[in-house]
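Chain naming follows the written order as A, B and C, and within any one chain the residues start at number 1.
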């Protein structure tokens, strides 16, 4: 017992029940998914072999990755400018912006999705207005296609992109920027050589967050894509609920899990993940 | 799994017995203890359900109110048992999951008849007790071992009278002819109905649809893919028409009236070649209320319930005895009314039950 | 090193900074000589850092003018002023090596790599950090970081070096050591140093001239010795060193504690005043004695510890003596 005490900090005992619960609630289902993916409908790697056999699966995966990448690039870029603007405006305006940002978290994704239809649909406000002033003869197809999915997803993701960036920008010592200017660097030199590198952990965190969240998108592509933009999350749910191919669903879920883990692993080769996830930027 | 099932059944049986006073409390507690089930769980959940009500698993919204007034009231009057609802939507996968988890909390699921074909033989459903439920109070072929059609819905289409006012589209062939009828179309995203419509458009006779020629159907679907949107829910189909996104839209036929009203008659329902879909009540294996579920289904088959469902939900009766009693103003929107019954075709639940999964995936592959 | 022979003098004319209605710096006039080590000394809120930031170009001046060698630089942005600066907390670039930090100013000026390397090596040698070129700033001690900041600020041979409390983060022992190094470097390169501190000892030991600031204005300017020996105001006298204040009629005099002698017993002819000892505090190198005078004043006296060891005790009656020159008449109270 004493030997054990030496190696196990008593603090662990206090949080042990919680740990066990977390393990059971998180690891259990994950293991179950992995198990299903190699046992349903029959034991073996048949489900994974489908990846090589089915063009449809590959296309769905590719659609998902493509949309997630584009969404991530735009969300993080726009998020960066928003966070930057928030950091460099007056406290009052910053508070307004932060409030708007947080309010958008409370609006349900369904409401937001349908708002886009109202705004940019075939007979939405924008198209009707453009037609009325004679700029266009035919409505522009903003919605019910991949563009619509991207607009909806980017809009949804921007607040998620902003927050980690804001945190990393707030951590920057203004004097470091002053030092760069004092040493003769122009505004753009200071931005590229100092500001950007110092906000890189925030950029990485924001990119990871947006990309991973995007992978699981379901409602927005289903509605704004007009049924033609099929992403993995929706496909998984169809396999679970409609076609009962649980093995395929589990395989795809496992694939996404491995994909995300692989991404984190690759990241960790280039930078300390602890800095990305809010550890000290050292 | 089987053990769990058995234990559950034994417990619910004994809970019932306990409630009815056939078993004393001590024996009941001992049984609970022996099976390792917490008394409170049985008391609060299954036992209570077993004793005094049936849980209907439906899709929420209006159906909760309508199922209550159309079936529930009569059921309570005749059996003394109440009706409760689970409105989370009994998708096939959810039924399978519920039964396999051993925690069955619903008695009657408002599902499709093809679900009875795919889930029945795999042991996920209770067989229909045709000593209680009547085979004659539904259409021939729609009383299956594990499910019986209680209502009908259907796939028809609406069109924009402003776009095609002078020469309106008549059938699925017109629907798929985007040269003669230019404009956007909408189809159901999960293949059902869309495949049949495509085959009819391609010249297959309504009574010779099954087994579906998938390649032929998908080729037809693909031919108007650029002009097509696909909807996944009734409200989405509705909004695609009301928002003017499509000039012709496949819809659930019972939604036709709402679309006509909400567009002030600009969109008009076409029932010709509409595909009648058997909506079925099925019973998850090991349901808590046991045989009471069958009584509930039997109640739903009665003509008054059938007509009340049509009035409240727009779901068409499947009991032929009710067909002649459909009120005149509802006839255009009831798929088996006198004015429609000769124009429609019938879904084959057996084909869908056996091939549905692959068909959906092939369809998704084509449209995405 | 670049030719600094004819550059590095600064002229401040009526320099004023308003924050809203608050006058942070109020009409400062100051001529800073080329090569001078000038210290801006004052408590926090006295405007010394604001003044430095205006010289650096990070703050606009509300009115007045700042000129370098006679030519106004008021409208020249910070990055074009070519003033080196050592920031409070150093503000090193945490993602760059020591070498890249030091070479930054040359690198943004697009100097060729070999030239940068040579110059950086030279600077690292100046601050004795040759062996640390490839470390990151966080791998260095506070004193080393301070030297990197210095090397970085001096690397492009600025005519003026601004230092904003550069030793504030160091512990006391290290501070004395770094003061020596700073002075040494100043002597060797001949750049004008403008040094902001609130530490009077630092100011006294390093500066050629000290500017004492108070509430945004200059209180007094002079060499350390002038300021210490002849403080002009009560504020100057008490901020730089310790001082007793003696009022005679309408005049007030400052009297440094170490310039007072103390004799046990009372009533000597030469006594300026007399009183009783209230407390004795032992400091090792000297002892501080507080005397309550007959007039009701309290006077501090610093005397050597070896004197009058036995006779000095709390409650003892003493005479206080000092030379005429020791009491400095103040302009105002």
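Note that a contact is a pair of C-beta atoms (placed from the backbone, for glycine too) under 8 Å apart; a residue touches a chain by one contact, two chains touch by 3 or more.
In this text, all values refer to a predicted model and were calculated from it rather than measured experimentally.
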For chain A and chain B, chains touching each: none
Chain located farthest away, centre of chain B as origin (C-alpha): C
Chain centre separation (chain A, chain B; CA means) in Å: 36
Rounded Å distance between chain A and chain C, as computed from the means of their C-alpha atoms: 53
Centre-to-centre distance between chain C and chain B (centres being mean Cα positions), rounded to whole Å: 87
Contacts with two or more other chains, residues of chain A listed in rising order: none
In the complex, chain B residues that touch chain A: 91-94, 96, 118, 184, 187, 189-190, 225, 228-232, 236, 239, 243-245, 356-358, 360-361, 364-365, 367-368
For the chain C and chain A complex, residues of the former touching the latter: 56-58, 77-85, 87-89, 91-95, 104-105, 108-109, 138, 152-153, 156
Residue ranges of chain A touching chain C (in the complex, touch as defined): 173, 175-176, 178-186, 189, 193-194, 197-198, 281-282
Sites on chain A touched by chain B in the complex: 55-56, 59-60, 63, 114, 117, 121-124, 144, 222-223, 226-230, 235, 238-246
